[in-house]
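I have a structure I would like to understand better, so I am pasting it below and will then ask my questions one at a time.
Chain lettering (A, B and C) follows the sequence in which the chains are written, and residue indices restart at 1 in each chain.
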Amino acid sequence: MLRHIVKAQQFDKPWIEGFFGQVREMEDVAASGGSDALRRRIMATLFYQPSTRTRLSFEAAMCRLGGTVISTENAKEFSSAAKGESLEDTIRVVAGYADVIVLRHYELGSSERAAALDAAPIINAGDGPGQHPTQALLDLYTIEREIGRLEGLKVAMVGDLKYGRTVRSLAYLLAKFAGTKLFFVAPPICQIGEDIKAHLAEKDVPFAETGSLEDVLGEADVIYQTRIQKEAFSVEDLHGTDERSFQAFIITPELVSKMRQEAVIMHPLPRVKEISTAVDVDRRAAYFRQAKNGLYVRMALLMRILGQEKAS
Amino acid sequence: MLRHIVKAQQFDKPWIEGFFGQVREMEDVAASGGSDALRRRIMATLFYQPSTRTRLSFEAAMCRLGGTVISTENAKEFSSAAKGESLEDTIRVVAGYADVIVLRHYELGSSERAAALDAAPIINAGDGPGQHPTQALLDLYTIEREIGRLEGLKVAMVGDLKYGRTVRSLAYLLAKFAGTKLFFVAPPICQIGEDIKAHLAEKDVPFAETGSLEDVLGEADVIYQTRIQKEAFSVEDLHGTDERSFQAFIITPELVSKMRQEAVIMHPLPRVKEISTAVDVDRRAAYFRQAKNGLYVRMALLMRILGQEKAS
Amino acid sequence: MLRHIVKAQQFDKPWIEGFFGQVREMEDVAASGGSDALRRRIMATLFYQPSTRTRLSFEAAMCRLGGTVISTENAKEFSSAAKGESLEDTIRVVAGYADVIVLRHYELGSSERAAALDAAPIINAGDGPGQHPTQALLDLYTIEREIGRLEGLKVAMVGDLKYGRTVRSLAYLLAKFAGTKLFFVAPPICQIGEDIKAHLAEKDVPFAETGSLEDVLGEADVIYQTRIQKEAFSVEDLHGTDERSFQAFIITPELVSKMRQEAVIMHPLPRVKEISTAVDVDRRAAYFRQAKNGLYVRMALLMRILGQEKAS
C-alpha cells in the first residue's frame, strides 16, 4: 500500500508497470460516469501557491471516485507573517480533518517534511523548484498510452531544460526503461543540467544535446515541448541571445510535417507560443490528451493511497 | 437536448414555456430535499471575475441535484501575464475534468468562443458587457411565477437602462410575448439604447420612455428596479445631474402605496439604496423570491444540459 | 431543536452535558468512516475574513456527515465598496441556496443580526472581537475528554487574556461548573478584564491572578496557553515590557516536568513560540487532539441544527 507521494524517484519499474494498469482502469471508470469507491473519504487540497490546473485535476479525480474535497488556495493564511504557524503544525491540524492531503508549497522539500510527520498521507503537488511527481507519472503514462510501449523510445525534450522540473523528472523515469535514447534540444543557456547527464551516463542511457529541433524531428518518437520562461534568466545570460534564437524552437505545422507519422507532441501546459495553434488539429498533437491523463493518474493514485484496489 | 447556454436570444417562446414547466418541478425537488439525478456529474465553475452570488447559486443548484463541483474564482491565474494561456486552451483542459463548465469572463464574446470549441457544454455566467442569460431566464420566470402569465404584461424598467445588461436581455425576451408594453424609466443619461428601441419597433412592441417613476406606478404589473452605477458615467455625462435627480428613482413605501395590488417589484440584486428596506415587508417586494428562483432555473438548466429529463 | 449558534452564553449546563454525549458519538461516526445523516443538505460557509482552519473544520464536519458545501472566502465581494449590499440582504439571498450558513465576519454582533432575520440557521464562526462559540464548546469538550470531568477543575489560562476571546468565553463556560478554580497567568498588560472578574465573583468562582507560570504548574489540571499578539498593544503599553518578560510564559519541557501527570496543555492554535515544539511529544500536549475535537463538535452542532438526532 502506498503511503506518501513525494518524488518521482520513489517509483521503480515494476511499480510503475502495475500502476499504469490501474490508471487504464480509471479511464474506463471515468468513461462510465465514475465510481463510489472513495465515498465518504475526504481529500484536502492545501495550496500555498495557486495552481488551478493541478488543483482542479486532483479535485475532479476525487469527485469521479465519489469522494469529497475540502480546499484552500490561501494556505499561506494559515501561517501568515503575523501568525507564523509552522508547516508541520498546519499539516497536523488538517490531518485531523482529511484522509489525504494534496500539498502545493513554494519551498523545496516541504512535502518530504510533511510526509515525515506521517500524520496523514501526503501527495506532493509541487514543492517549489523541487518535484511534481504526479506530473512526471502522467507524462510517462501518456507516452505509453500514445506510443504503446516504454522501451526502446527516442524522446526529444525541447525548450527550458535548465529550470523545467517536468523534463528533469521525466528524464529520470525514462532512464529506467531499456533502449531509451534522449535528445536535449535547447539554446545553450537553457540546456539540461550536468546532474541529469551524469545520472544518464551512470545508467548507460545514450543522449545527445543539440540546438536544432530539425535535427531530431525525423527520429524522435516523442517531442516533449516546454515553455522557455525568459524571466528566469539573467540579463547577462540572455546577452547575445536574440528573439530569433528562441523562435527556432517553436513547433509549427511545417516542422510537424517532418515528424514520423507515429510520433507525438507533448507539453505540460500552459502553452503560449512554443507550439503553433495550427498544430492542434494534427492527431500527433497529444498535449490535451496528456492533460486529461492527469485525471486518470490522480484517480489511480488516490485509489492506491486510500487503500482501494477495485473501483467497482 | 440543450448543449450550450450562451445568450438570451437563443431561446424561443415554445422552448421557454416548456422549460418553465421544468423549473417549476425543480421547486418541488428542492422543497423535498433534493435529488440524485446528477449524481457523479461534475460541474466546473470557472470564474475570471469573482461573482459570489452567481457562483454559489450555480453550485447550490448542482448540489441539490446530487452532483459535485470543482471551482475557481482565480481563473485568471490560468492565463496570468507570465503564462499567457489562451481561454481556448484552458477550456480544453477543464473539459477533460468536468461534464459542464460555468464560465464567467470579463471579455465580450468569451462564452461564444468557449462554446465554439464544443469541448464541453458551456454555460455563460456573464461575459463582461455582453450577456448573462441565466439571469434573463430567472427574471422572466419570476414574472410568470409572480403574475401568473407572460402575455399582456406592462413592465416598467427603472434605473440604469443604458449599461444594465439584465434589463436589455429581459426587454428582448418580453418582446416575444403578445401584448407586452414596456416603460423605460430613467434619467436622460441612463436611458435605454437605440438598438433595443429599434428591436421593439420591429416587433411592434409598444414602449414609452419617461423620467418619472410616478407616471407608471399605477399601470405597471412589474417594476423592475436596477442600481444606477454612477461610476459608469463620465463627469461630463453627470454634469448638471444632481443627486436629487437620482433620488427620484428610489422606491419608497410611499411610492409602493401607489402601485397596483397585484403588481410586483423586482431587482437583480445587489440592492443599495434604490429600494428602501422599508419596502421589504410588502408582499409585492419579490426580489428575494427572484434570487431564489435563480436556484430553480439553474437546476433545470443543468438537468437539460446533462440530459436528465426527470429528477426522480 | 437548536436554531442558531451565536454566543457561548446561550448554552446552559444541562444542554452542554447532553450535547457532549452527542459529540462523543460523532467521534465514533468519524472513526467508522462517516455517515449519510446529512445527505442532500447544503452548508454555506460565508467568510468575510479568511480563516482557513475554521472553514476547513466546518467543511470536513459537513462532509463526514454526507452533506455538501458551498463556500466563499471572498464574502466581502458581495458587499464591495462599489456595490454596498447589506449583510442582511446577503444572508437573505444565501438562505435561499443553503440549509445552514456558517458566518465569519469582522463586525461585532454580525451573527446576531444575521440570526435575527431567521432566514436560515446561522452558526457564528467568529464575529470580530466578539464571540467564537464553537471554539468555546470544543475547548470545554476537550477538557472533559482529557480530564474525564468538568467539575472541581483548576484551570490556568496563560498569555493574552486581555484580547484573547477564547479564554474569555471559556472562563464564562467553566463558571457554570461546581468547584472550578481559575488562574490567570499573564504579564500585567495582558491580564484578564474586569468584566470577567466581576462575573466570576458574582458566581462565587474563586480565581487568582499571577505573573508566574511556575506558581500554578503543580496545581493546575489544565494549562490553557494562548499566543500574545504583541501587535495588539500600543508602544506605551509595551514600554518597560522587555522580551524576557514574555519569554517567561513560554512552555518548555522543563516547565512541563513540573506539571501534574494527569494535567494537559491546551492551545487554540496557531502556535508560534509560546509552546516549545519539544513539548509536542509529551502525552500531556493535548492541542492537536483539541483541534481534532473541533471536527466532532461541529459535526454534532450540524446534526442538531439540521434536526438529525441519530447519525445512522
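Heads up, the rule we're going with is that a contact is a pair of C-beta atoms (placed from the backbone, for glycine too) under 8 Å apart; a residue touches a chain by one contact, two chains touch by 3 or more.
Note that the coordinates shown come from a computational prediction; the quantities given were computed from them, not determined experimentally.
Residue numbering at the chain B/chain C interface overlaps only partly, since under half of the positions present are found in both copies. Taking CA atoms, the transformation carrying chain A onto chain B includes a rotation by 120°, reported to the nearest 5. Centroid to centroid, with C-alpha atoms defining each point, chain B and chain C lie 41 Å apart.
Counting partner chains per residue, chain C has residues 68 touching two or more of them. Per the touch definition, chain C reaches chain B in the complex via residues 40-42, 44, 68, 70, 72, 74-75, 77-79, 82-86, 88-90, 92-94, 96-98.
Contact residues on chain C toward chain A in their complex (touch as defined above): 33-34, 50-53, 55-57, 59-60, 63-64, 66, 68-69, 73, 227, 229, 231, 269-272, 277, 288, 291-292, 294-295.
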